[in-house]
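Letters are used for the chains, namely A, B, C and D, taken in the order the chains are written, and counting of residues starts over at 1 for each.
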Amino acid sequence: MTENVLLRNVLSEFVGTFLLCFIGLCNVAQFHLGRGVFTVWIGVNIGWGFAIMFAVMATARFSGGHLNPAVSLLLWSLGHLKLGYVFLYSIAQVAGAFVASLAMYGYYYEAFQAYDGGVRAVLGATGSAGCFASYPNPYLGFWGPYVDQIVGTAVLAYFLCVVIDERNQIPKVWHPMIFGFLIMMIGTAFGMNMGYPINPARDFGPRLFSFFVYGAGVFQEPYTGYWLAPIVAPLLGSLVGGWLYQFSLGMHNPEIEEERAQQEKLLA
Amino acid sequence: MTENVLLRNVLSEFVGTFLLCFIGLCNVAQFHLGRGVFTVWIGVNIGWGFAIMFAVMATARFSGGHLNPAVSLLLWSLGHLKLGYVFLYSIAQVAGAFVASLAMYGYYYEAFQAYDGGVRAVLGATGSAGCFASYPNPYLGFWGPYVDQIVGTAVLAYFLCVVIDERNQIPKVWHPMIFGFLIMMIGTAFGMNMGYPINPARDFGPRLFSFFVYGAGVFQEPYTGYWLAPIVAPLLGSLVGGWLYQFSLGMHNPEIEEERAQQEKLLA
Amino acid sequence: MTENVLLRNVLSEFVGTFLLCFIGLCNVAQFHLGRGVFTVWIGVNIGWGFAIMFAVMATARFSGGHLNPAVSLLLWSLGHLKLGYVFLYSIAQVAGAFVASLAMYGYYYEAFQAYDGGVRAVLGATGSAGCFASYPNPYLGFWGPYVDQIVGTAVLAYFLCVVIDERNQIPKVWHPMIFGFLIMMIGTAFGMNMGYPINPARDFGPRLFSFFVYGAGVFQEPYTGYWLAPIVAPLLGSLVGGWLYQFSLGMHNPEIEEERAQQEKLLA
Amino acid sequence: MTENVLLRNVLSEFVGTFLLCFIGLCNVAQFHLGRGVFTVWIGVNIGWGFAIMFAVMATARFSGGHLNPAVSLLLWSLGHLKLGYVFLYSIAQVAGAFVASLAMYGYYYEAFQAYDGGVRAVLGATGSAGCFASYPNPYLGFWGPYVDQIVGTAVLAYFLCVVIDERNQIPKVWHPMIFGFLIMMIGTAFGMNMGYPINPARDFGPRLFSFFVYGAGVFQEPYTGYWLAPIVAPLLGSLVGGWLYQFSLGMHNPEIEEERAQQEKLLA
């Protein structure tokens, strides 16, 4: 047994993000490479949701199963994690997502070959780089991806705070499933602009891997610098959403013993 | 911490309805503006269901998470809320839905531009006002929307009363998920006529906001006065459904200790 | 409060079957009349599943929520219900389904008018009687519907016995949701031949009502006597499935205290 | 009551695999023979998932509900089952799947006749052998199916170990539902290459049955020897996935009493 708790937690973030991204990326590949025959959009949403559920279930007892630098950063800002660990966890998360991309590419290699005849293109009719990282819908301008990811990750962070606020009395056994449903919900509502990465590791790790497959285009298309948006914006959005919870509801949330008495005053 | 319980509850209704409608409206926009590529109808049903689940989960400990004037009115009629609070809650709910519309419009602004080239129309081939408020299916006559909303909201209210009836022994931790499943069910069965607003705040708040985008058409199409139906009818339907529960089942529901003995008499 | 337990239970079967069939029939009408735009098949499966979940949840504390003569008959055969009550419950169930058909027809009347221009036909391009009762896929011969309904109802009855067998230790709060999932499963696997009525009340009640709308054709198409199959076969299938459980698993199911010791013998 | 525990467990594996495969195969047949009208891919995923949930629920108290030789083998390798029993269970599982194929063929016989006019073909425009066993997507080479099944079954085995690891404190009442969600997830992510048999009994039992319907082609198409892949690879993949869990997480998983203290060290 690994006695070093920190090492164990870093390992768990690596493993958990690998599991999450391997399953999630295969899900996206099945949608993209299958040209809509094998999955409809709600299938992608459900698949990613269960991927979160199971990856969190596997790692919750170790590191808590953040699996997302934006989540680790939020938990630091809430006083649940040392800042140094945020960096370590983030590195482990990106590494897990990188290895997951390799695994997905190996697993679906023949499907990629069948899809584009062996000539990889980032975008366009035979483009398949969207199986790895996000690319914005053409209607989005420069700031669109920032807005999108701040909002999407804020929704994630807001409800994450709802679930882990112990005064809300949501039993721990429910947490992985609830996080899965949360990701399903985000996919049905906030997926059209650019997919819903809402996780710097999930986007950057696979993009870095795809550089070795597609070349520099993955950092240049649809415009140079796009790739920064799904890294920077989720980190910001997570803080926005998490603290929005604290200000809008969390700081007013009554202690458990107070609640009943107070609500009774409202009855006629 | 906000010591004033009433203020806290009003805040919670504002916040909860904002969350519900922001997520739900983005879901509808993804369906409508995506022209069916990004979502199928069951995806809309699932997304709205989870939006209810999470918005109720976030606010249940405060105000109970009504998020709907029709629900607040019903709870008054059952003796669980003072009438004055129904008005306060309703104002907060409409305000939350109004702000949610603004947020959705900002979030999907570029998708709107791509959809109609920048020329907003209420209905028709490039019409998009249906992303905000409900518009009836053309086959409906004047009273159709009233019937539709009375029925849809009655189903909501009926099962809401089943769930909160303590003799039915449904643990509180299940309530948000059950309400989510309830909305999914209503969407699969009662959505064709006019979508399923079944919530005056969810319909009127966004319609009011859309007035500033689309102009007076949102109150005039498809005919003047339509917009009143999804306000008036849910209030009536909620009372109908809630009291139908009381008369059909609730008033006959045995106390917990009585039940076992009574059922045993039926055995051979 | 109704002190007479029998009367209360009969009422509950009437109300529960009304709720189940009203929601379920509206679901089917949305699929059928919407010509596939408003629902896909999995949406029908999910909607019926939740309809079962909520109708059982509402009535479980009264009569147990059979909502199906085939279930009541099975429970009689297992010694949980007097035979006379099976008849009373069945009448209440058929009556509930009949009234539900009236309610659905009123609710979607304008959609029916738009669908067929006001000329009701049982089958064919503008046929809509399938919104009420089942009609077999044309490839089925005379005995096909019997086989189909015996199998489908046997699956229902088999797992119903799994769930209510107390040695399986499935908490009562899970039962309604599990029954909902069960119906979703049956719809995904056993729906192609003729829909999956698997409930004499759900089929006969609405068929009887549709006689007043469509005329005698509902009892004559696609051939005279078809309508008996979804009445007779589920009653038989329920007994087959329920007793198959008893013979295949139930009678070998160890008491709770015995189990642990016995399983330990198998370990190396 | 069957006092012989081993016999009872073997019976339970036979019955459980029959239930799983009968429901699952009917689900696949509905998708395949219905030519996409009656089900979309997510419907297949959901249906198989619930089939696992209910088949495990029915048999969990007996043999634990393996229903898959790859799972039995894994549990042997973890020290939970004697090797001799793995063979006995596997024979029972294959037999259950064989009988399930017969039952499915009988149930949907008329649908098969309508689909191909009575002339059975393994593959091609009127081919229907895919209703019984898996056939690889044409883009797969010789080793593709091995990779696919090792990976798919490893995912199954990995999370199975997460769920049954008692230190993860997942209550037994949740297990069948979680296994159902797990299969849904695998279907959304790992289904495109060849369906997702991930179970030697589920593939070989029906393939053997289909030999009597389609002839030797079921063991020769698309190439001789293909049929071995979904037998051999899941057995290997299950061991890979199960031990990957032990090495990556399981052996580092802290005892319950240790955990709280250790995590507290990480807080600032």
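Going forward, contacts are C-beta pairs under 8 Å (C-beta built on N, C-alpha and C of every residue); 3 or more make two chains touch, one makes a residue touch a chain.
What you see is a predicted model, and the numbers here were worked out from it, not measured in a lab.
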item	value
Degree value of the rotation bringing chain A onto chain B, based on Cα positions, nearest 5	90
Classification of the chain C:chain D interface as same or different, half of numbers criterion	different
Chain separated most widely from chain C, comparing mean CA positions	A
Distance from the mean Cα position of chain D to that of chain C, given in whole angstrom	29
Intercentroid distance (Cα basis), chain D paired with chain B, Å	40
Interface hub residues of chain C, defined as touching at least two other chains	40, 42
Interchain contacts, given as pairs of chains that touch	A-B, A-D, B-C, C-D
Sites on chain C touched by chain B in the complex	1-2, 5-6, 8-9, 11-12, 15, 19, 23-24, 26-27, 29-30, 33-34, 37-40, 42-44, 46-47, 50-51, 53-54, 57-62, 79-83, 85, 106-108, 110-111, 113-114, 172-173, 177, 180
Residues of chain C touching chain D in the complex	40-42, 45, 137-141, 144, 147-148, 151, 155, 158-159, 162-163, 167-171, 174, 178, 181-182, 184-185, 188-193, 245, 248-249, 251-254, 259, 262-263, 265-268
